[in-house]
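One chain, chain A, appears in both complexes that follow, with chain B as partner in the first and chain C in the second.
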Partner chain A sequence: MFELKILLFSIGCLTCSGLFEDQVGKWDWLRKHVGPVKHVNFGTIAGGNIFVGTASNVLASINSRSGKLVWRKILQEDERGVIHSLSRRGNPILVTGSDPPILRSFHISGALHWETKLPSTPPKDSEQEHFIDAESMTVVSVYTSAKDVVVSQFSYASQETKTSEPISAPFARLSKCTLVDNSIYVCLVDQTLKVLALSDLARGFISSDLKTDASALELKGLPEGRFVAVRSKVSTWLYGVSAKGAELLRQFDDLTEITNFKHNDVVYQVLAKRSESSCWTLSVLDSKFSEVSELRGEICIPNVFSGIRTLDVMGLSKKDAAVSYRAVVTTDDAGVLMFQKEGRVVWSREEALSEVTNVQFVDLPLSDIEAHIEEEFTEKPTGVLSMLIKRIYSQLQQLATFFEPKNPLAKNFGLVRDNFGFHKVVFMATKVGKLFLVDNLSGDILWSRYLPNIRPFSNGQYITVTQRSTAHIPHPPVLSIFGRSPSGGSRVLALNPITGQILDDQHLDITITQYSLLQPNEEFLKGVVLYDETTRRTIVYPAKANTNYKHYLLTVGKRGVADGFLLEDGKIDRLWSIHLAAGSEVEGVAVKGQENVHSQGRVLGDRSVLYKYINPNLAAIISRSAQQNSVFVYLIDVVTGSIIYQTVHRKAKGPIHMVHSENWFVYSYINEKMRRQEISAIDLYEGFEQPNDTFSSFSSVQPQVEHNTFILPDYIVQLKDTVTEKGITSKLILAANAQGSILEIPKAMLDPRRPVNPTMLHREEGLIPYVPEILVPPQSILNYNQSVARVRGIETAPSGLESTCLVLAYGLDLYYTRVAPSQNFDILKDNFEHYFILVVLAALVTATYVTRALSARKALKAAWQ
Partner chain B sequence: MIKFIAVFGLLVSCSETQDIRPVFALFHSFELEGSEPIWMARAKVTVDALTHNPSNRTASKAMISIESNQLTPEERRKVDNLALSGKRYQLKAVDTSTGHHVIAYTYHADPLQQTLKLSLDPSGFLEGVTFLPAGREQVIVDIMQLAPQPETATYIQRMDHERREREKTQGQDNRNFFAKYWMYIVPLVIFLLISGAGNPEGQ
Partner chain C sequence: MTRLPHSILMFGVLLAAAVTSADEGASGDAEYTIEGKLAISPHQDNFTDILEATQILVDGGQHIGFLKDDYSFEIRNVVPGSYLVQVSHPLINFEPVRVDISSKGAKRARRVNNVQPHLNNHLPYPLKIKVLGLHNYFQQRETWSATDFIFHPMVWTMGLPVLLIMVLPKMMSAEDMAQTQREVQQMQNAARMPAVPELSEMMTSFLGQRPPQRGGASNTNNRNRNERIRHD
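Up next, the complex of A and B:
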């Protein structure tokens, strides 16, 4: 019973985080996103909510007046959730997946009406396209194979499917085809339009010659009516199609886009022409193809977004029954905007933030006055008198600003460091090539920049490096981002993260796979060594950086060969080579980040010290063999290539997530035999002898290894540890689960030394007795009820206070908060009663004076008697 | 060239019984030709038997035999010169069953005296070789161990044991509800009575 009490007490003590109701949203924020928009549905009524289907497999309802997210349905992330088609009007009806395709209809409130599998079985090796008609509730599925086309029509009302015989169409696979009005299937083959009427499938394709010699033609089916547009570089031809074939209606020149909308059973054609670099003029033609002058409009993309990618127009009636329209525009950088006819932006959404790949916390610069004081120390001494004058001047300035009335706007513009280091900015790079700087306290975007010629490397990430921090005034901070160049090789962009100003933009002709930071030069700029694993080439960026270096490098091939290299002043030398377990493939490599380790050892129950094995050159490699159904874990010293520890989990599989820090390594995997998530912890100790001051891989002893495994009744999608300024605060392991919660697990719970049979010594040391299951109480969910959808990464950064760590989880959503792993020991609680303590103090002081006067009087009286 | 055979019984651990007898050929290099090392045969290590005891990992043993080539005085001198000139001594181990090779290096003054650790995967294939400070054995074989599983059974045993202990020491409390909790009930009743008597005509 005593032990149980200890256990409960210790669990309670370690995880007494949680949040009071009034603290919700005080220092955390959640930004929900939907992903790059692929399909738009204009909903049931004009001015109501619109629905979008996105490339991130999300169906969402967006308020058409404010752009706010009303609801969203997050479908499966894999092939099954891909949205192939979305109805254009009415309730959102969509087709997802392809094997088999599933048809779902949602109520406008987001409730699922019904869902059904599309009953037709696709022919082998066929590509499929689905077209939904919301009014008649029918779905036309077109399966194109190398030789022919199969058309299948499903009606929800009768639950019947009509599937055609294969129709010979050897061109369909290679050419651009589309279905218009859910009744006419049109293909563009060279200079011929081939038309197939679904009402008369037996007749087959009817060809009509375009009578043009323009090449590189494109076909676009217009959303309403039986119209298709054929576009060349200069001209656009509008064709009307029917069962009889195609008929040329109009020819337009210099159009950038053509679309149409239907209003009161009239189909209006919308022609877009580029007027300025970021503006399109829209002109609207009525059913007789004469322009409606009052519907002429111009839309201009705000300069935070890049060029227009798609344009969807919805007709609506104004109060005086006149026709008007609204346009939904998506941009190349995954933005989505709603325009009014007059060209006003009703709302815009930055959906690039749903595809964040890299996150880096950046310290804010010092304020001007503080910078001035800093300068005094960095400058060379010029004489006592001038330094004294400078000192007095800056202190006078400080005094002046203290009494200056505070400008309320300065809070937004003054990007300067605060006392506790809680205010930072977050640099984010996204998959679409847009960079953002986000304020960590408010979540506001400070600047964004779209880069059309830089993309993530094949591992889905960029490399971001802080080459110079904000601490080196007057030199500007430099943050470099390395990415793949679409034209081959790599591209580097050096920028000032605070202002977004580009300092350097270069093309590098190697494909970077690894990098390492060099020592700073006299301008405090750290160079970067870049390494290409395939060609074994290395370069230094920037070229003028310090080129004297000696770096050890680990490369791990997919086939399980790990090599160690020495990079020395541009030369590459292979030092060692090891071969991971036969038939295994590497799942991941974890190295330690830059961090401070405060305590070199652990004090045991008998007051002896167990020293930690803190090897900065240690890398953890996990590989997996599907054949043997095993997961192999290695701890390898990168300098010597020695395998410090190796172990195997039988009947285990990925996904594997790992955290490597200080003297420990924690990783998670799935136990296939027991069908559960397990999390394993390895601690390394040197022993009871005090190690030498500096660690050397060549002379270090073999560490003692403590290893234990725990059950975590959850499904982990991401693991990360907290970091603090000096490394004194105990660590938390942050585990994001599939439901979008971020769990806090104290490292003490994942201690492999937790004893099964605790003795007095263990209790003295404060070890928690071993329990196979790690229970995470609900108050240890960092993001309480603010679920973060599809967490792809968690980034942590120390704040200026030792107790607190800043956390940003990113995925489809962004969630920022701060966490105090060992409680707020260096900061007052935010409900601390400042006024109360003032009143008490004042009362005490008055009481002292009053009683002094009283006692003096009493003493006087006593003296007279 | 003198050959000798040494047989060691070594403490290793292993997760599976082995039928194969892994043979590793060791080559070393203390000279470079251009940038490529010149490999020369140093020894052959045969793992004769891997006995394995799953219940007690540390009791597993491997019997190995080493066949090593003696160095000529000229080669010996070159090896000794390596450390003086700051160059590294390299060792290549080839797993004869798979043909895979692994490489290790050392800057130690007397590389030939250092203990070698051969790391093997659970099937007995060579993964890596490491130089360790000179010890009693020339070669140590480290076979990948099974990682610890969650100790559910031990934990349940412990809980059962604790429960039994508790029952033994305390005995069953067979008193009825009132007998056990009268000290809480009586003050509550008195309190209710007093507060009820305090305002009899409250309404």
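Up next, the complex of A and C:
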């Protein structure tokens, strides 16, 4: 117990980087998202909260006036959390998962009302669809197998299920089917509509010919009434369906979207037709299909969003009892917007930011004046006088800006570099193909661009490469993004990250799995070597880049073979190949990033130095074998293929997360035997001899390995280390847990040399005694109560100050902050009392003069005596 | 080890309890429900967003539960095994609980002990999740206060000598001062009188040749005087 107290005390001291309460929101921000909207529920009252079910498996309540998130329920990320259906009105009732499907009803307040398993057992190999009727509290489930459909109706009120006999429908699996009005099941088969009335299942499907020769038809069930729309590229046919079959009602041309709404028991059809490039006319038809002219409206989508994907309309009564409506539009780039009838955008949400895959911090360019000064040094000399005038002019300007009121820590301060390097911009790429540039201080979107023809690679990520930074003033910065092209191959887009201007757009005919940067050319542009693991092809982008290179490459196949290659001027040679543990699958590979390591060694208690083993070619591979129920860890030198260290954890499983930096490797896994999260740290040391200045994999010694494992009381979903400019500041391991907190764990806590029985030397060195469990105090939670849902990644970047590191956590939410792992040693504290010190100094100066005068008077008096 | 029989007994009792609360779906595919409740009264005013913001995470989100408005929750479709139930709320710290479900469907709850996971610290089942307190995410800002200033050791080490220098001479009473002045006067007088030898003279004469013998009283007087001079 006493030891525990010491430990707590020492943790408290190590992580004094906690926040003060008045610093909340000063340099951090959180953007909460819900994901791309799939289902819309207009709620109980007009103007109240609406509910959305999203593709990210989130049910959310959104204020219909402001668009603000009221509450959200985050379901499981896997298929058990998939929202199949959401009621259209009233309390949100939703069906999630398929094995078994679960029906849940929530209160408007966010509390769970009730929850039940859908009792019907689906036939084998069947696809399922669920349709909710909120008014009668029934769920119609349709199970489609290769030969027939089974319809099951569950009533919550009576808790009864009626399951039909299999109805022969060999077409249903391959065609688009839907249920309208919770009573008629409609399938579109080639040019025929097949209609099944739930009230008369025995009758089976009734076919009605569409009498059209258009191909590539699509079926859409309209939300209200017994209507379906059949759409081809140019035309849209509106059908009324009943137990007797389908009946053509109207034909429309060039519609973007058709939907309907019910108000005062009248079903109004809403047609959206493109009028201008980003505007759509909404025409509303009444029950007799004649247009209601006073309900005609036009909606214009702001140009930060792409075109309409879905349209949902809710009818409402105005104060004078006239009918009006509101429309919720989702766009192809995952935006969601609420429109009034008059066409005003009530609110919009950028939900593409919930699917960020890649994040890159970009330095801002110098301000114009500083750039001007820089230019003086690059220009050719043009004569003494003109240069003198130029210099005086620019320095006068500098003087003028110096007196302009500005605060380098203030949030919006122009897109120029600040003194401390705190202000950067963050480039983000998202799964839906939308790119963003976000200001890191305010979280504002500076530009966004939707690219319909670029998607992440099969690992769910793009490759983003900074080819030229903002430091080379006359040349624009270049950031390239490589992604999969939907038509096959890859696509590369080179753009200026500050302005968003596209500099190059190319199609490459290889699938990129790895890349490496080349030496910059005379215009400071770094080329990229791209490598395709499956076809073993390599190309250089841009094609005219410097092609003299020699790069070592590690490829790790899913089936547990690691290969080392040498890429030399376009040739590929296999150097070595290692078979990892039999039957194991690779869970992850970690190589070191580009970073500075300031200290070459550690000073021990007896003043001797233990030198670090800093091998830039070291890669860590972790694989897991399901049959052996073990996790295997390898540290491999990529150049020589020698295994520097390997270990195994029996009865362990993933998810595995890892951080590889300097001379250490930290990874987390779950110990199944003890049922706890463990985090393991490996430190590598060369020994007490000073190593050579430059490291060589061919001549290096086998390092001393220190390895120790610790327990964490939380489940880790992501690990990352902090980076600083020069690598002097000690490191923090940032661990995001399942609750959405980001824990700061100092590397000193994850030091494998922590002694179980500390001696004087250990104490002299400052090692914390070993205790198995790492307790993280709440003061060390980086994002305090601003929980970040489903963290998928944490990106860190150095600021201009050595003490400070910029952190962006992304997942469903975005959270940005900055962290000082060794406290702010190079910047005044933000509560530094400037005025107090000024007052004290002024008081001292006055006191000096006053006392001088007084003492002079006294001396004079004394002299007279 | 002495605890073992006790825990088996408890296990038996729980088994009996669990059979009565067996699930409807437990028949075929052996899936069970974890039930529990937050141990807070529904009228607690200072926790306003519990229903909106609370998540119940089983094994870090493998299963997810939602609160009903009486603060109870159920987690469905859980296969037999051992699970960590955490209630996550941004402000309130709830006690985590480990729930074990046997293959027969018997459930028991234990206190979480990561270092010795097999230790049996029974908790009631259905779960009663206790509030451990509010998370204190923030450091206390040091505020300036007069008492802090006064009791600061630096103030004492700096202040005491100053006090001694400034105040002690004043503390000497008037007669002391007069006494000192008188003595100083005497000393000056003595210095003027050639009959009284200097200390250095005395020493040289003492070390060189035997000085002429004088009365013991005058000698002690002299030493006293010297000491006083050194003091002043």
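Here is the rule we go by: the second predicted complex is superposed on the first by the 822 of 865 C-alpha atoms of A that agree within 3 Å, B and C clash if a C-alpha of one lies under 4 Å from a C-alpha of the other, contacts with A are read in each partner's own complex, and residues count from 1 in each chain.
Methods note: a contact is a pair of C-beta atoms (placed from the backbone, for glycine too) under 8 Å apart; a residue touches a chain by one contact, two chains touch by 3 or more.
Predicted, not measured: the structure shown is a model, and the values here were computed from it.
When both complexes are overlaid on chain A, the residue A:Leu75 reaches chain C alone and has no touch with chain B.
When both complexes are overlaid on chain A, the residue A:Glu21 reaches chain C alone and has no touch with chain B.
In the overlay built on the shared chain, the residue A:His649 is in contact with chain B alone; chain C does not reach it. In the superposed model, A:Arg574 makes contact with chain B only, not with chain C. Of the two partner chains, chain B and chain C are each touched by A:Ile711.
In the superposition on chain A, contact of A:Phe698 is made with chain B only, not with chain C.
When the shared chain is aligned, chain B and chain C each come close enough to touch A:Pro772. Judged by the touch definition given at the top, the superposed model places A:Asn831 against chain C, while chain B stays out of reach. Comparing which residues of chain A touch chain B with which touch chain C, the overlap comprises 711, 772-773. Interface residues of chain A, counted against chain C in their complex, comprise 16, 18-22, 24, 70-71, 73-77, 81, 100, 102, 104, 106-107, 109-115, 117, 674-677, 711, 713-715, 717, 737-740, 772-773, 778-779, 781, 784-787, 831. Interface of chain A with chain B (complex): residues 1, 3, 573-582, 628, 630, 632-633, 636, 640-643, 646-650, 678, 680, 698, 702, 707-711, 756-757, 770-773. By the touch criterion given at the top, residues 15, 35, 88, 95, 98, 100-108, 117, 119, 121-123, 125-128, 130-132, 142, 144-152, 154-155, 158, 162, 166 of chain B touch chain A in their complex. Across the interface of their complex, chain A is touched by residues 25, 51-53, 55, 57, 59-64, 66-69, 73-74, 76-77, 82, 84, 86, 88, 90-91, 93, 96, 98, 112, 114-115, 117, 135-141 of chain C.
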